[in-house]
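Same chain, two partners: chain A is paired with chain B first, then with chain C.
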Partner chain A sequence: MNLNIDVTEGNGKSAMKLAGEIDAYTAPQLKEKLLPLTKIENNQVEVDLEGVHYMDSTGLGVFISALKSVNESDSKMRLINLQNRVLRLFQITGLDEIITLDTAIRGGND
Partner chain B sequence: MDKFDFIEMKVPARAEYVGVVRLSLSGIANRLGFSYEAIEDLKVSVSEAITNAVEHAYHDEDDGEVTVGFGVYEDRLEVMVADHGGSFNLNKVKGGIGPYEGSESVENLREGGFGLFLIDALMDKVEINNESGVVVVMTKYLHETGVGLDDDQISTRQ
Partner chain C sequence: METLKSDISNYRNLLKHYIEVRDEQSLYGAEQISKMFIKNNVPPEEIINLHIQALEELHPDMPDYFRHSMNFLLEIMISYGIAHQEHHSLREEQSELKSEIAMAAGMQETLLATTKPEIDCLDIGVVSVSANQMSGDYYHFLKGRDDSIGIAIADVIGKGIPAALCMSMIKYSMDSFPEATMNPKTILKNLNRVVERNVDAGMFITMFYAQYIPSESKIRYASAGHEPGFYYNAQTQKFEEIKAKGLVLGVSPEADYRQYERVIHSGDMVVLLTDGVTECKQGDRFIEIEEVLDVLNQYSDLPAQEMVDKAYKHFERMQNFQFRDDFTLMVLKKEADGQ
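The block that comes next holds the complex of A and B.
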């Protein structure tokens, strides 16, 4: 019931790797680490969700905040390697239309 | 009346206990024979209901408790989540749910508005009772013969 957050930064790119669960308890920790990356001008923010095996609307809320923030700083954000069940939440809510999702390796651990 | 087993848990209304209830729920749903996908739907729905109760308690600066009841039937699982804090504005909650529509601007997107919408989308039946605190009663059938996807609705009793 924890979330591990690893961040690698450099050359106009920030890569975040997540592993664990995103819920009401861990979402504030994610927000605290992710939002500063989205405020950097002209940054490419990439969030790897391959290790996330549970997420609910608290996670969707963090990514909506992050999207608003990258739009203000002329930066870009994309989410990669979503597990099928995490991807499904973006699809049910219609958020897959506005958040860039790269699902090429989705469901890798299913 | 159907025979059923009833399991009740009381947890402090704090975010760190949402995962604890989720683990118990997994065990109960697994015991009933729910599919892997259905258990994932249940985990999200029940977590959303508890998160709402926890946030509500937090805003009232109230160290309250959340009561979760599991009604284990032969053909379905009923989960009740009760927040015994003061009542909240149900119309406001109901008005704030729904999927993202292409016409909305990103700036106006609500960051916390998807919880009840997801419960409605992932469960077969949802009832909200606002008489004393807020009680959300969610039902998922073991085999999806109970309620069709298009028949989903949120009913409320005030």
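The block that comes next holds the complex of A and C.
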């Protein structure tokens, strides 16, 4: 399974749109694309996870690295449109309390 | 060297025979010789050389252009010979690495070994299977001087060797904590600091720590972002999720853990697991946790060890079943008083 990563940047904001699976095979690609965005000073990083139906704990590892990195560069990161299965992973691990998740428009198709 | 010499004369004879009659038998002979060359690590340019020599013996009147072309081919094959040599040494290195990893895996097993405590009132069963050679799952039992039993189940995120090394660190940290601090929330808080300081940013550990106090038939527990376990009520024959929230180890140095407790009644069970259990797949479909619980329920009359063994076998036997991750399943069963 693959992971498609689309990034649009501009006006102090980086928007990343993901589709596919985030696992041990695709997590390194995500890390490679996401971490540079989190190192930009005062950046707003938004990651749209609507197209992600499966993520394992290696994916969480990438978001934890990204969180530590935005904190160092005075930037902000938020994850939007999480599918239930993916949201559950953030909730179990307690990461929902330290990573900003916007679940208002969560995809409900699983 | 003797065998090589006989191969050379064999080669010439076979080639001669083939040029004369072009039969299948000589081709089969060629296949055998080529296998022998590979076994003896004969480089490709050496074979071309052999071919030229054989041809010169068989056809001294070979045209010049043909002889030149064969020398040209020989030159071409030299780089292939070097590549072949590299491939050969890489294979040797690979097999050395494999045996080193096997040794490390054996050492991990020794380092992390834990003995399942035998106590009257609590029947414990556990099965732990790693997806790779070295496991990132971990469980550990500790018997306190006050007869309490400490039970840890953990999963290192990140797989393979780094995860396995990390587990050893956790085990030795736990061993070094003074017994007076052995309550679940303090253990997790202390471990969190150890992990936060010592592992890199993308790595973290989830752990569920439970402590069973026989005199009160009570368990205390706390979770650091671990896959929730289940409580089985023998009276209603139903499972309920054990709710315990807490941040995974290694992310924030300030994390605090909430401790919960409950009394376990006779016949009741606590089921603990790692996410390898819920991330198993059959074909394209994930195994739902309900299926795992149904299987456990089916075997709930058996001793705890048989229950987990049967549950594991149940999934292993399924068609197209695959483990994506290390798999650990543990059952703690409160036995009837006086048994």
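Going forward, the second predicted complex is superposed on the first by the 108 of 110 C-alpha atoms of A that agree within 3 Å, B and C clash if a C-alpha of one lies under 4 Å from a C-alpha of the other, contacts with A are read in each partner's own complex, and residues count from 1 in each chain.
Definition applied: a contact is a pair of C-beta atoms (placed from the backbone, for glycine too) under 8 Å apart; a residue touches a chain by one contact, two chains touch by 3 or more.
Treat the numbers as computed from the prediction; the structure is a model and nothing was measured.
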- Touching A:E21 in the superposition: chain B (first), chain C (second), both, neither? first
- Query: Looking at the overlay, does A:N71 come into contact with chain B only (first), chain C only (second), both, or neither?
  - Reply: first
- Query: Looking at the overlay, does A:S57 come into contact with chain B only (first), chain C only (second), both, or neither?
  - Reply: both
- Could you tell me if A:G94 is touching chain B, chain C, both of them or neither one (first, second, both, neither)? both
- More residues of chain A in touch with chain C or with chain B? B
- Message: Applying the document's definition of touch, where does A:M1 land relative to chain B and chain C: first, second, both, or neither?
- Response: first
- Query: Taking the two structures together, which residues of chain A meet both chain B and chain C?
  - Reply: 23-24, 56-58, 60-62, 64-65, 67-68, 92-95, 97-98
- Task: Under the touch definition given earlier, write down the residues of chain B that touch chain A in their complex.
- Result: 15-16, 18-20, 22-23, 37, 40, 43-44, 47-48, 50-51, 54-55, 99-102, 106-107, 109-112, 114-115, 117-118, 121-122
- Message: So in the complex, the part of chain A that touches chain C is made up of which residues?
- Response: 23-24, 31, 56-58, 60-62, 64-65, 67-69, 92-95, 97-98
- Message: Per the contact definition, I'd like the list of chain C residues that touch chain A in the complex.
- Response: 155, 157-159, 201-204, 206, 224-228, 245-248, 251-252, 255, 275, 279, 324-325
- Message: Taking the touch rule as given, give the residues of chain A at its contact with chain B in the complex, in rising order.
- Response: 1, 21, 23-25, 28, 54, 56-58, 60-62, 64-65, 67-68, 71, 85, 89, 92-95, 97-98
